[in-house]
Structure formats: C-alpha cells, structure tokens
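Okay, so chain A shows up in both of these, paired with chain B first and chain C after.
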Partner chain A sequence: MAVDFASWRRSETAPCPSGGAQARKQALAEALAAGLLAGPAVLLLLALFLLPVLAVFVIAVTDWQFGARSLSFVGLKNFAELFADPVFRRSLVNTVLYVCIVVPATVGLGLLIALLIESGPRLRAFYRAIHFLPYMATLAAMAIAWEALLHPTIGIVNQTLASLGLPTPNWLRDENTVLPVLAVIGIWQGLGFAMVLFLAGLKAIPVDLYDAAEVDGADATLDRLRVVTLPMLGPVMMFVVIVTALRAFEVFDTVKILTQGGPAKASEVLLHTLYVESFEFLRTGYGAAVTVVFLFIVVALTLLQARILDRRVHYS
Partner chain B sequence: MTFGVVLRDITKSFGPTPVLRGVSLDIAEGEFLTLLGPSGCGKSTLLRIVAGLETQDVGTVSIGGRPVDALRPKQRDVAMVFQSYALYPHMTVGQNLALPLRMRRLSKLQRLPLLGRVLPGTRALAGTIARDVAQTAAALEIDHLLERKPGQLSGGQRQRVAVGRAMVRQPEVFLMDEPLSNLDAKLRVAMRAEIKDLHRRLGVTFVYVTHDQAEAMTLSDRVAVMLEGELLQVARPRDIYADPEDRRVAEFVGSPKINLIEGRVREAGAVDVAGTTFHLDTGLGRGKAVTLGLRPEAFGAAERAGPGVITGAVRLLEHLGSDLYAHVDVPGQQAPLIARLPAEDDAGPANGGTLHLRPRLDHVLLFAPDGRRLRPAQARRIMPLPLREPA
Partner chain C sequence: MKPPGRRAFSWSGAALRHTVLLATSVLVLLPFVWMVSLSLKSPGEIFQASFSVLPDQWHALENYTAALTAQPLPRFMMNGVIVCGAILILQILVCAPAAYALAKLRFRGREVLFALVLVGLLIPHQVLALPLFILAYQIGILDTYAALIFPFIVSPFGIFLFRQFFKAIPDDLVHAARLDGLSEASIVWRVMVPIAWPAVVAFAIFSVVAHWNDLFWPLIAVRSEELMPPPLGVMAFKNEEAGSDYGPLMAGATLIVAPLVVAFLFAQRWFVDGLSLGAVK
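Showing the complex of A and B:
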C-alpha cells in the first residue's frame, strides 16, 4: 500500500493557530499510536524475515557447519566453489528450464480455461472447482498420487500407453523425461490459481467494451482477445506471471518426494541443492551461499518483470 | 418518405421477464428520434436490438430498407455511443478513432502487429485511415488529444472521442445510449447543443436513448415515450408535452409534474372536482369518473372562491427567479397541486395562506380511468408554452 508519508508529516507539523504545544502533543500521540499499531507487524517481519536473511548473508561468508561450535570467515570462497561445482550449475540450468516450461504453460492454459469457463453459462462452478482443487491439495500427498500414476509397470499412464502399443518410459527415472514430467505436475498444480485470477480479471472487464468492439467490427474471437481481453487483463497477467514464476523457482516438494534430484542430477533444482547441502551434508555455509544466489535470482526476476510489464500494462 | 430504421413488432424477454412487448416504430432517414422513458422501460434494449448487440425474440428490424435481422453489428452500418463511452483504455485517442476503420479496411493479415506493416497495400490504407482520423478529430476539436490515453481526458473530452469513434466511419445510423448522463449538468447542456449541431451537419439518422426529458425535448425531431416495454406515444416534442395520448405520458413529461385531479361527471358539460364544479364537456355519462390533467402553468389566480375555482392552503412556495411555484393543499386531494404563478407578483400568496386558483379550462387534459386520453369534440386546445429545464 502506498502511504503518502510526505503529506502526512506536513499535516503533522503544520502550524496550528490554536496553540503549538497542543498540536505537538497531538502529533506525538499520533506517532505513538502509529508505532504501536505497526509495531507487531514490524517485529514479526524483523524476526521471521529480515534477520534470517541477514543471517544467511553472514553465514554465506563463513565455513560454519550445522551444529558446529566454531566458525571462521572465509570470504567468497563458498561462492567460488559454488560456481565451479557442476552439480550446482546443473541445478541452476534445471531450475531455469523448469521455470521456462511451467510459467508459459500455466499462464497460457490458465487463461484458456478461464476464457472457456467464462464463455459458457453451464456448470461454471463445477469447472472452477475441479480446476482449483489441485491448488488446494497438499502437494506432498499429490506427489505420491502422481508417483502411483507414473509407476513404470503398474501405473495407469504406462498401462494406457502400453494398451495403445506406445513406448512406456520410466518417467521419473529417465534423464530425458524427469524434468518435463515434474514441470507437468507443477503446471497441473498452479493452473487453478492462474485460472481463478484470470476469471476475476475477466469479470472486471466492462461488458460495454465488448459491445463497442463488436460494433466497431472486432467481433472475431482473436480480434476480441487482442482489442479488449488481453489488454484489459494486463494487470492480472503481470501478477499471475510473477507469482507463477516465483513459485516455479521454489519447486521443491515434488523433487524431494519423487526424484531426490535424480537420475544423475537430471532433476536437481536450486532449493533441493540448498536443502541437501545445508541439512543432509550439513555444510551450512555452502548452503547459505546457494540461498544467496537463489534470493538474488528471485529478487532480480521480480524487479525485472515488474519493470517490463509495468510499462506495457495499462492500469485504468 | 424513405425510412432509416423500421422496427416491426419487436418482442423481447429476459427469462420470464418481458422487456419489450411488440414495439413497432418507423424512423425516417435523417431523423433525430429519441427513446424516452424511465430506467427499466426497455429503451436501451430496443437500441441494442437495432445495433445487433441483442437479438429480438419476435419481430424484424430494417435499416435503410434492408432487413438486418441476420446481420452482425459490424455489417449493419450503425455506430453506437455508449453511456460509459466504452473507449479502449489501453489505446490512445488516435488508436481508438482508427480502430473501426482498421477493422473495416484492413484484412486480417494486414492487421497483424509486425507482419501487417510490410504487406503490400497496408501503408497506403494506413495513410487513408490516418487522414480520416485527423479529419474527424479536427471536426470535433480533439486533434490535440490524439496522443493521449482516455484516462488522461476529462469527461467531456472522452464523450467527444466516443462520438468521434462513431463518426469516423460515416455510418448510416447513429445510436446513442444515454451519452450525456455521465457528465455534470453544465457540460451536459453544452454537449446537448453540440450533438444537435452534429446531427444537422451529418444529416444521418440518430436514435437517441435517454431518461432525461430535457434532452429528449431539446434534441429530437420526434420523441418516442416508452414505459414497461411499450411505446406509449411517438410525436413531436411539443405534442408529447401539450397533447399526450396517455396519462402516463403526461405524468412522465413535464417538470414539475402535471397535476392530476380526480373528478366525477355531474351532468353533460359539468364535472365535480375538488370541491367545485367545472364547465367541461367530457363526452362521458353522468356519474362517471374522470381525471383532469392540469400543467402547473394552466392555473391563473382568482380573487375569491366560487364555481370553477380551486381553493387550498399554501404549503410551500418555490421562488425560481423567473417563476414562482406554489404547492397547494386542496381538501380531498392526496398530493398538493403545483401551480406556476408570475414571480413578479409581490402581492402574491404567503406560506400557510389561502390561495384561489382558476384553471384555464382550455388547458385541461381529460383522462379516462384506464389512463386513455379523452378527446370530446369541443375540447381542442394547443398550449404554446415554453419548455423549461427541470429545477
């Protein structure tokens, strides 16, 4: 929320004809009240977010191991080691690939489903609900269900493929299929979220605009999309893209449960590397360096997207 | 006479709710016709049916002599101005104006963002489009706004852009759905004059929807009064006011509202009304109920009570500068009568005082209990009275 602090301060210190002392007293009381009201949130933010981030930055330049009683400053050694490490590089590339599959597919399919639901009056609530269910479900539990579906011999996916005479890959144990399959699960999970936001965005488009477009001659589906729907969905689109990208960068549950980064690091992703280094190998300093890189990417991406999209997005 | 728009027996229901009940209307080419009625009377739906944005359940629409029922809005050669203006907020004013032309003149391929520009012919067409947009913008004096987005414009400017977008492709029929109701009162009066002027310059058919009687009266060649999905009367503005066909028309048009007084026929040529007797020919038999409609300006002051004089207590006086409206409580009447009196009359009535009013009998409108206008042979009058703005 944008708060106009400048004008707030002005009004606070504005000269009062009925006595400066009283005005000052009132201003003080207001400031105190503001502090009290914002206080709990600020404390929580500090304790749960800012201080841990600071701690991560500090640990990243040390050789601390989880549980160790001593640590020493090592400078950027962790980072140097990191970027020389083929596992980390693989993990970085995999994560970027995963995001590049998940974001366009989630946004595109979410929009498509939202448009389909919005265009037909029948069973809207039903379609909305079934597409939103995966988002509500616990991903860890759903991952196990997916594992059963994708089982190389008794899974329904391969049994169906086999009955059609098609090849039956071992989806989660094959270097070539594992990342796309994880991406499909990610898309399946995030689709409902994108769809619900797009539905809300579609509802907010004034019907008059479609009428005007129809009278003006833009009545074909693609013309309507280009003239009215997509531009008017700009702000929602920006939000969905950013949130989906951030969630995709954070992919962890499915990897941890289904593949543990395998086979041969083909599904190793940043958060999984971070987890393994920090909590399995207990190399906390090294893990913190991975975290710093991860944070850097996420923040940079957010800023970049906000900047690019903000310029092309119309806010009415 | 050639007809711009012809509607035959248009019927439309939304679910179980009937919105239009068999509306037939002939609108002459080049005519300015206003659909006037309260909200929910179906006037906007009728306009949308003419535009092709809604489909009628029954009935036919022809524009320029050709049936258009099977045609989509863009094929009907109509342009529409919406109450909300419906400008594309992400496009500049120039792009807004150009869109209808781009959609008509450029092929699907030529409209593509990058490829379109290099296709043969696109550049020449884009040139003609830019020229037409510039011409329209100049005519509406919005040429300095072409680079701006609608969000940066004032209400009046947006309204002009909306009109411009309708005008730019020179349609056969202009449809306007309450185009002025989002403007403030002062601007509304100014834009009213501009729309009238626009109609004169373009000379094409205008169908204009409004609930504002002042707009309807000042702009139109003819006014079609609608109520509950029916056309009650289609006539010139002054006939709508002075010669209404139906009690509901008389009630809807005119501000302050027409006074309606219940009376009973005493004998041929005499009606008992509000404690007095009027010498009026109603054409009805003895003892029949009749409603007298009296516009506020149909009263004159009388010296004392007597036959043909209504006497009551002044409840409220409204000085409007040029006029004085007296609200008078009359025994046996639910609502007070409102009479317009000359304002300069210093010796006029006082609040709470008694006022004697003598209606001009040639100004009385008679209505049957079912709301139908009664026109006995002798009762012919025209009221050459000025229209006024609602106070």
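Showing the complex of A and C:
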C-alpha cells in the first residue's frame, strides 16, 4: 500500500519528460477507465456495506419498531436496557462460555491431528479429507443428523451409554448439557479447518531447523516438538485461535435448528438474540443495539487478527 | 516425500499414528454415517434402537422417494443452484474489474477505494442483516430471489483476493495488451482473469460453499417455500415432520449435504485451498 502511494505521488508531481500533454491525456484515460471499472463496486460497497453499518448505529439510538410510522431519538437507552436485560446477559455469558469451550478444544485437536498427519508419510490426503469434511458439509442438515445421534432413546450415544449402564441425559433438552453439546458440534465442525491451517504452518518450517536441533542433541520426537515445532508455530497458533474464536462467536445454525435458545435460555447466544429481537419481535432499535455489541466484539477480534497477520508477514 | 532430517518413524510410532487418526476419523464421520444409516431404515427399525449401520430391511427407496416428493426438495436444491450461481457470476463481474483498477491503474481515490474494501472485509455479514432487511422491504423485494442475492453481489474478499493475484501479473503484459489495441475492459477479461484463474476457482469454491450453506440470511429474506435454499428448506422439513419421521428427514439431509461432499472428494486440493483462503475473511 505504502509503496503504491509513493509511486502514485511521484507520477503526479514529476510527469515523464516525453511530451507532457500526451502523458496527461494518458493519465486522464486511465482515470476514466478506472472509474468505469471500479464504479459499480464502489457504489455497491457504499450501498451494501458502509451505509448499512452507519444505519445500524443510527437505528440503535432510536426506539423504532419495524413497521411503526414514527420513531424518536432515545440516546443510549437501548444499550442501558440491553445490559439490564437478564436474557441478553445470559446470551452474552453463554456465547463467551461457548467460545471458551470451542476455541481451546478446536485448536488443540486441530494441532494434534495436524502433527499426527505430518508425522508419517502414509494416508495423509485420506486423513486430511476426512477431518476436513464437516467444515464444508451444510451445518443446517448436519445439525439434524446430530439431533438423531443425540436422541434420548434411539440415538447411538444414549444406546451406548445405556448398554454400559450409564445415565442417559436428554442432551439437547437439559439445561446443564445443552451448551456443552452445542460446543461439541462446533468443535466437530471447526477442527478440520484448524488442522488445515496448522498443516500449512508445519510445511513452512524450514527443515534445517530440525537438522540443527538434532545436532544440538534434540533427538526424541517430543524434544523436537518442544524446541522447534511449537515455537515456530506460534504466529500460526495465534491466527488459528482468533479465526476459530470469530467463527465461534458467530454460532447460530445449530442453535436455531436444535434449541431456539432453550431450555430456559440455557443455549441463548448472541446471534440468536440478534435474530429474535430484530426479525421475530421486530424490535428494530433494540435489535440494532444487539448488532452493535456483536459488531464491536467481532471487529476487535478481526483487528487483532490483522495485526497478527501483519507480524507474520514481517517474520517471513 | 519425507523431507531429509525428519527421522523415519519407528513401527510402533506409525501404529500409534494410525490408531489415533483412525479413531478420530471414526468420530468425525459418525454423524454422516448415522445420517445415511437412518435414511436407509424403516420407521420400525429406527425405533427398535439397534447398533447396526446397515438395515435388516432396506427402506431406502421409500425414504428417498418421500424426501423427494412429499417435500419440494428438488425445488430447494434448484433454488440453491440458482442463488449460488447468480451470486457467483455477479461477484466476479463486479469484483474483477474493480480489482484490476486497484492493482494496475493510477487514479485519484485509489487508496480510499482500497480502504473501503478493507472496511468491508472487517464487517461480518450478520451485522448488515437488519439494515439490508429494511432496504429490501423498502424496495419491495422481500421474499424474492433478488432478496436472497442482492446483499452478496459485491464481495470485499473477492476484490481483495483478485487484487493480490492481479498485482503479481507483470505490468509489461498490460502494456503489451494496450499496444495490441485491447480496451481496459478486455484486458480484465482476456488477460487478467485467465492468468489468475486459480484465484477465480478458489474464490468460486469459497463463495459457493458459503452461500449453499448459509441459513442466516435466507431465514430473514424469504418466507415462501418455493424460494427456500437447501438449509432453510431442510429446517422447514424438520419442523413439519416434528421429528416423528426420521427416515425421509435423514434422506433429505443426506441429499442436501451430498453435492458439496461429492465435489469435495473429487477436488480436495481446490476445496482446501479455496476455503483456507477464506481465513482472512
């Protein structure tokens, strides 16, 4: 970016010596072409991204209900109401809990599987494909498969538990189990993605480092893991943590299809609250306030991710 | 394929590797296996609670016929194809020229445009749902194909990705094309896009997977059953069946998951590349 900017400036202040008029004409033609080529994208980015985001902030400080003819400015009242609302607080806490279960487990399992796949030559593509499969399978449909799997009587999970003489909870209808179970589905879906990012990170570690470690006496597998692999994976690790956290904050499909936030709000999460307030209760102003909170969390995480990506580029 | 310096694993190490990976593979595949298994069984056998993967009596034909006829499942799939196809074509038509302008042309406001793309990358789509819903209502396109498509016709990620690839193409090629009398627009479509086709394929996979699987926006944008894309359709299917008739429901779920899974098995490398590029989004 910075380099582009500099060269652009240079070309403006010091036009090429070979005929100023022609160069100006050329520059004009180029600017015209750029306008025509980028014009549609500019208009659409403004209409579909920038203005809507600004609109969310504006709506969030009004008491507008969708369909109502009038609305008035209420300042931060929606936000005050939001943070006093037990349902929203529950939703926020549940989401954070969900993220706190999903992120370490997804990253840990993704790393373990990537290390195991990379540690031997055989069946690499096979294992990679299998573990990656859930990431691209339609979650709405797979949620239904999970529901059957977790069915209190005929699901294979409870059949197994029953045959072992263990208790058989109604996983998705029990306040204590519903959120962890949704987290398991989240982990199942995301670990292949973490694995793929780790596999790419492992490939990028220079082989000389392993040779050097060996010369230094780091012979055993675990030694090499501790001395070379894990430290070298540091930046990738941070990146995977944040990407996984972002996706976990956006949990919605499984909640909508399997629990609708129940039982007793035990699985109410941020995006589900956003959806219900905005599009079922049509409390537009209030829904916009929820949206603003969601936006702040996601943007904070994304900016952190951009900084890490930036640093990774400087390392290499 | 083994790089020198990484020691050969002992026999027991290899055995451990395969044991753990096979175990995790089985767990990862379990929901798929269970789904397909139930889709082959009769109601009686499903409620008999058995461990068997394959049915005693094959009920596949009945289940899949029910899924394809009792519910407009073919319609859901066709909607998915129409919506994903329209989104992808529009995204490429809008993003490739803009990316070319950003990568190769000099004009005032280029930095502003690039900043706009970066801001777009930063915003999760769920945040836009409320204002875009109001916009769709105002212009009267709620509950149409247009409502399903319009929020996605410009992709900041697409512009960003294409710009990266176009920047790597030598300027000399652009100059040569201009000397040959090609217009800027034909440089985009006849020089840039063909050279950067791996980026186009990766983006296409990213886009189609994202929109085939999307539930959030369709849930807001359409109500009519004949417009529902697959995830919304399968949800409606489930709510109507009320969990009583697992066989056809699982058959429907299997049919909806199948296209992407089959495509993935045939073009693994492309899928993994395309979807991990999406990590920056």
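Following the convention adopted for this analysis, the second predicted complex is superposed on the first by the 260 of 316 C-alpha atoms of A that agree within 3 Å, B and C clash if a C-alpha of one lies under 4 Å from a C-alpha of the other, contacts with A are read in each partner's own complex, and residues count from 1 in each chain.
Following the convention adopted for this analysis, a contact is a pair of C-beta atoms (placed from the backbone, for glycine too) under 8 Å apart; a residue touches a chain by one contact, two chains touch by 3 or more.
Keep in mind that what you see is a predicted model, and the values were worked out from it rather than measured.
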{"item": "Three-chain arrangement built on chain A, chain B and chain C clash or fit", "value": "fit"}
{"item": "Touched partner set for A:85, first chain B, second chain C, both or neither", "value": "neither"}
{"item": "Per-residue contact with chain A, leading partner among chain C and chain B", "value": "C"}
{"item": "Which of chain B and chain C A:214 touches, first, second, both or neither", "value": "both"}
{"item": "First (chain B), second (chain C), both or neither touched by A:174", "value": "neither"}
{"item": "Touched partner set for A:121, first chain B, second chain C, both or neither", "value": "second"}
{"item": "Inter-centroid angle chain B-chain A-chain C after superposition on A [Cα, multiple of 10°]", "value": "90"}
{"item": "Contacts of A:227 with chain B and chain C, given as first, second, both or neither", "value": "first"}
{"item": "Partner chain(s) touched by A:134 [first = chain B, second = chain C, both, neither]", "value": "second"}
{"item": "Minimum Cα separation, chain C to chain B, after superposition on A (Å)", "value": "6"}
{"item": "On chain A, the residue positions that both chain B and chain C contact, one per complex", "value": "208, 211, 214"}
{"item": "Complex contacts: residues of chain A adjacent to chain C", "value": "1, 4-5, 8, 11, 27, 30-31, 33-38, 40-42, 44-46, 48-53, 55-56, 59, 66, 109, 112-113, 116-117, 119-123, 125, 127-142, 144-149, 153-154, 156, 159, 188, 191-193, 196-197, 200, 207-208, 210-211, 214, 221, 239, 243, 246, 250, 252-253, 256-257, 271, 274-275, 278-279, 284, 287-288, 291, 294-295, 298-299, 302-303, 309"}
{"item": "Chain B contact footprint on chain A (complex, rising order)", "value": "206, 208-209, 211-220, 223, 227-228, 231-232, 234, 314, 316"}
{"item": "Interfacial residue positions of chain C with respect to chain A in the complex", "value": "1-6, 9, 13-14, 17-18, 20-21, 24-25, 27-32, 34-35, 38, 46-47, 49, 51, 94-95, 97-98, 100-102, 105-108, 110-111, 113-114, 116-117, 119-124, 126-135, 150-151, 153-154, 156, 159, 184-185, 188, 209, 212-213, 215-216, 219-220, 230-232, 234-235, 238, 243, 246, 249-250, 252-254, 256-257, 260-261, 264-265, 268, 271-272, 275-276, 279-280"}
{"item": "Touching residues on chain B, where the partner in the complex is chain A", "value": "48, 51-53, 72-74, 78-80, 82-84, 86-91, 99-100, 103-104, 108, 111, 149, 151, 165"}
